[in-house]
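Look at the two complexes coming up: chain A is in both, with chain B in one and chain C in the other.
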Partner chain A sequence: MFNRKLGIVDLSKGKVKVSDTPDSLRKAFLGGRGLNSHYLYKMIDSGTDPLGPKNVLVFGTGFLTGTLVPNSSRFNVSAKSPESGILGDANCGGYFAAELRYAGFDRIIVKGKANRPSILYASDGKIEITDAKDYWGLDTTDVQLALKKDLGGVESAVCGVAGENKVRFACVRTGVKNAAGRCGLGAVMGSKNLKAVSAWGKDGIDIAHPEEMLETCAELKDYLMKSKITPILGSVGTPLLYEVSNAFGAIRTKNSQLNAWSDSLNAEEVEKYVDKMIGCSSCIVHCRHRNSLGGEGPEYTALGLLGSNLGIENTANVIELNNVCNELGLDISSSGTYLAWAFELYERGIIDRKVTKDELQFGDFELAKKLLHDISRRRGFGDVLAEGSRNVERFGPESKDYLITVKNLPQSDPHDVRYMKAFALGIATASRGADHLRSRPTLEIFFKLPKEVRERIYGKGVTNDPTSYEAKEKTVFFSDNIFAAIDCLGVCKFICHGFNSPHFVDYSWMKRLIHAASGWNLREKDIEEVGKRVIDTERMFNNREGITRKDDTLPKRYFDDPAPLKIAMGHHIDRKEFDGMLSRYYQLRGWTADGQVKAARKKELEAIA
Partner chain B sequence: MRLKLEFTKPFSDAVGRKVVEMEFGGNTCGELLERLSGEYPALSTKFYDEDGSVTDYLIIFLNDKPISALEGLDSEVRDGDRLLFFFPISGG
Partner chain C sequence: MKYLYVYPEKCTGCRECSVACALNKFGECNPKKGAITVVRDEFARYEVPIVCFQCEDPVCLKFCHQNAYTIEDGVVIRDEDRCISCRMCAVLCPYNAVTTMDGEIIKCDLCGGDPVCVKYCSTEAIQYLDETEELEKRRKAMAERLQEISAQK
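Our next item is the complex of A and B:
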């Protein structure tokens, strides 16, 4: 069988139901993020407490996950986010997703709350709920090793102590560093007394046209391997970006008071700590590092948000903070953003030792490390920080001016968006809050993108000047749609057209891969429509939680404080121009001027079953 | 004219340095690429594809704009200009 089962687990009742996913739903959303978002919209009432038993947590593999397709390693974890209070969703690599499919499941939906720490074990088309008392309290790697030993070779998605303690930005982890990092989904696991979902399987996936699949994948591999970008990603990984952003003046530094930092976090310094490069299942790129300090990473995000953003220069210190976050199960983007926020608030006298207990300052590695441990165990000031953006109420309204979030979610990557206007619109409109992985538009700076190619991709009128606001809504619209589609397929964004390259996996490749795998004859337009459907469904979820135009905005600093250093110096986001871009984006999406999905579209999407 | 060039990885590996200050007698970015490839042979495989065309995977900033926003390889360079060469890559 190509299709696997849907498992619905009610932890309150201790019951498991196994069923099929109707083809009508799969054709509308394919899988992964899209189907997850559909289920969230259908199953969660507005106003639901994200940490209460009525929240629904979904582990969903992509349509092509676990197949021969290059980089088809991905799954999405989704729930209402305890960090932002809106749609929560995070994409993750590693080996768990493929294993879950081999165990017989495309997707597991978890409802309710177990009355004691529990584990879900999926194998051979069945799911067991078992006791987790021996595993509760373990760090993310230790618990996975223990589960492998006890259950025999399983792959697991787990929460760390941060998740157990319901830290609002706790992540879900699989392997040493693969994270469904954003939106606090590890805290949702903790709130349900769920320590891990483990899977082991031996059932291969039946492919509709095996010969065609072999040929298409071989062709795609050749195509990808010929690109100059593949060996660079496979030898240096994302740390390469740090140097680029830093040279440019686009690296978030000391809570975005500055936009450039030290060369000590450049890729060649990181390389001194790299043991080897590794990859996720079926990956042909291998972009991840195993570091000599006992972990994996760091990615560009960690270098920026645990390095420059905290004012830390020492490479080993930053790698250690990266490893600490991974073991505790804390999202690196949020951790680095909240710590930097607190440091600046302390410097400005907006908070003091009555709240913080310790003196806070940028550049203090030991302090940052201690606070990460305290957050994960909710000790002292760590207990306060564990509440994330909600601290605006505690710290006072002025504190919000210094918080680098959109819709209460810290910006995911360390890129200061004041120079690139399309990037700014992307993080303002992303469905889960400030996020580059939803729409990062990068093709405009490719000088070899001829006008006709640019217009074929984005539509007419998009300029090649990143500082122009003209028609930039089209670049975000295009990127949003295709990244949603690839998230539904379970393929890594690094090989998606438009993320790193004007080449790579575009709708025509997707069409061929879908046909080979399932026999479905989708048109390219149909796949683009899947992406649009996902974005609208996620917006409907958010509209229902009260999200409107007022929320599609940026941190105050990006509007009001021009970047102080390097090429980006003097650039900021103009409020009026931004507003114009936003209105034009809504028009492209067919949303109302206030950012609502229109009634007719809502009715159409609600009817999908 | 005098130019200040900054290279990030992998271009800096080919040059052996991150910053180069040089005298340049040409006019355009395209001519500058040719001159640099002559001077640093390891750069030519990074700048050009096998068919001799300039690779897609090179971004050049001339002062505060990418040359995509100017005249591409025909963009004119002037005395005192600063150029940044980097490899386009995304991620998080």
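Our next item is the complex of A and C:
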């Protein structure tokens, strides 16, 4: 069988139901993020407490996950976010998703709350709920090792101590460092008393046209490997972006008070700590660093948010903080953003030792490390920080001016977007809050890209100038749609058209891969429509939680404080221009001027079953 | 004669080789069903591809009661019609290179001289090479390394 099962687990009742996913739903959303978002919209009432038993947690693999298709390792974890209070969703690589499919499942939906610590074990088309008493309290590596010892060669998605303690930005982790990092989904696991989902299976995925898949994948692999960017990503990984961004003055530094930082975090420095580059399941890029300090990483995100943003220059220190976050099960982007926020608030006297206990300052590695541990265990000031952006109420309204979030979610990547207007629109409109992985229009900063190539991809009128607001809504619209589609397929964005390259897997490749795998004859346009459907469904979820135009905005600093350094110096986001760009984006989406999905479209999407 | 050579230090653990092998032989994507297996443990920090060495005096052949194994042009081939799936070959293989799953014996036959696994490896961690040439290369690399070491002293 090509299709796997849908498992619905009610932890309150201790019951498991196994069923099929109707083809109509799979045609509409394919799988992965899209189907997850559909289930969230259908199953979660507005106003649901994200940490209460009524929240629904979905682990969903992509349409092509676990196949020969290059980089088809991915799954999405989704729930209402305890961090932002809106749609929560995070995409993750590693080996868990493929194993879940070999265990017989496309997707597991978890409802309710177990009355004691539990794990789910999926194998051979069945799911068992078992006791997790011996696993509770373990760090993310230790729990995975214990599960392998007790259950055999399982792959697991787990929460760390941070998740158990319902830290609002706790991640879900699999392997040494792969994380469904964003939106606090580890805390949702903790709130459900769910320590881990483990899977082991030997049920292969039957392919409709094996020969065609072998041929198409060989051709795709050769095409990807010939690109200039693939070998670079495979040898230095995302840290390569640090130097590029730093040259622009686009690195979030000291809570975005500055926009450039030390060369000590350049890829060539990071490389000194790399033992080997490794890959996720089916990956041909292999961008994961096995570091010599006992973990994996750092990614560009960690270099920025645990490095420059905290004012830390020492490469080994940054790698160590990265490893600590991974062990505790903390989202690196949020952790680095909240720590930097607290440091600046302390410097400005907005908070003091009555709240923080310790003296806070940028550049203090030991302090940052201690705070990460304290957050995960909710000790002292760590207990306060564990509440994330909700601290605006505690710290006072002025504190909000210095918080780098959109819709209460800290910005994911270290890009200071004041220089790059399209990037700014992207993080302002992303469905889970400030996030580059939803819609980063990377080609914006490919200066040498010929105008005709840029226009062919993004549409007419998109200029070669990152600082122009003109037609930038088209770049976000295009990226948002195609990245949603690839998230539904379970394929890594690193090989998606427009994410790292003007080439790579576009709708035409997707169509061929879908056909080889399933025999479905989709048109390119059909796949693009899947992406649009996902974006609209996610917007409907958020609209229902009260999200409107007022929320599609940026941190105050990006509007009002011009960037102080390098090429970006003097640049900020103009409110009026931003507003125009936003209106044009809504028009492309067919949303109302207030950012609502229109009634007819809502009705159409609600009817999909 | 050409054989498969593996380089664990280049292997990223992705298992494209195993998935391609299973897809080619059985029409399914299933790394556990490949005649090449990547043993990987990201916590213990290793990735090791395991593949049949096509031994000259193979244990699988020697102990097969059904005489299902033969050596054809240096490749150890299992005759499916003779095989009764007793799994003796898999149990006795000193390199655990013969796999069994649900009564199916899975044994590398070098795909008739065009091994599929090699094509899907993105780091050349598996290569299909002439034995003499490859050993010459390895000896040369070793000699150079010895030179380096003696120069250090």
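Keep this in mind: the second predicted complex is superposed on the first by the 600 of 609 C-alpha atoms of A that agree within 3 Å, B and C clash if a C-alpha of one lies under 4 Å from a C-alpha of the other, contacts with A are read in each partner's own complex, and residues count from 1 in each chain.
Everything that follows uses one rule, which is that a residue touches a chain if its C-beta (ideal position, glycine included) is under 8 Å from a C-beta of that chain, and two chains touch if they have at least 3 such contacts.
The structure presented is a predicted model; accordingly, all values stated were derived computationally and were not measured.
Superposition of the two complexes onto chain A shows chain B and chain C fitting side by side, with no clash. When the two complexes are laid over each other on chain A, the CA centres of chain B and chain C sit 80 degrees apart as seen from the CA centre of chain A, to the nearest 10.
When the two complexes are overlaid on their common chain A, residue A:268 makes contact with chain B while staying clear of chain C. Residue by residue along chain A, chain B and chain C are tallied for touches, and B comes out ahead.
Contacts of A:281 after superposition: chain C is touched, whereas chain B is not reached. In the overlay built on the shared chain, the residue A:218 is in contact with chain C alone; chain B does not reach it.
Closest CA pair between chain B and chain C after superposition: 19 Å apart. Chain A contributes residues 227-229, 232-233, 236-238, 240-241, 243-244, 247-248, 266-268, 287, 299-301, 333, 412-413, 436-437, 440, 442, 444-449, 463-468, 494, 499-503, 567-569 to its touches with chain B in the complex. Residues of chain C that touch chain A in their complex: 9, 12-16, 19-20, 22-24, 26-33, 42-43, 45, 47, 101-102, 116, 119-120, 122-123. On the chain A side of its complex with chain C, the touching residues are 66-68, 70, 98, 102, 141, 144-145, 175-176, 202-207, 210, 213-214, 217-218, 221, 225, 234, 275-286, 290, 296. Contact residues of chain B toward chain A in the complex are 6, 8-10, 46, 54-61, 63-69, 72-73, 84, 86-92.
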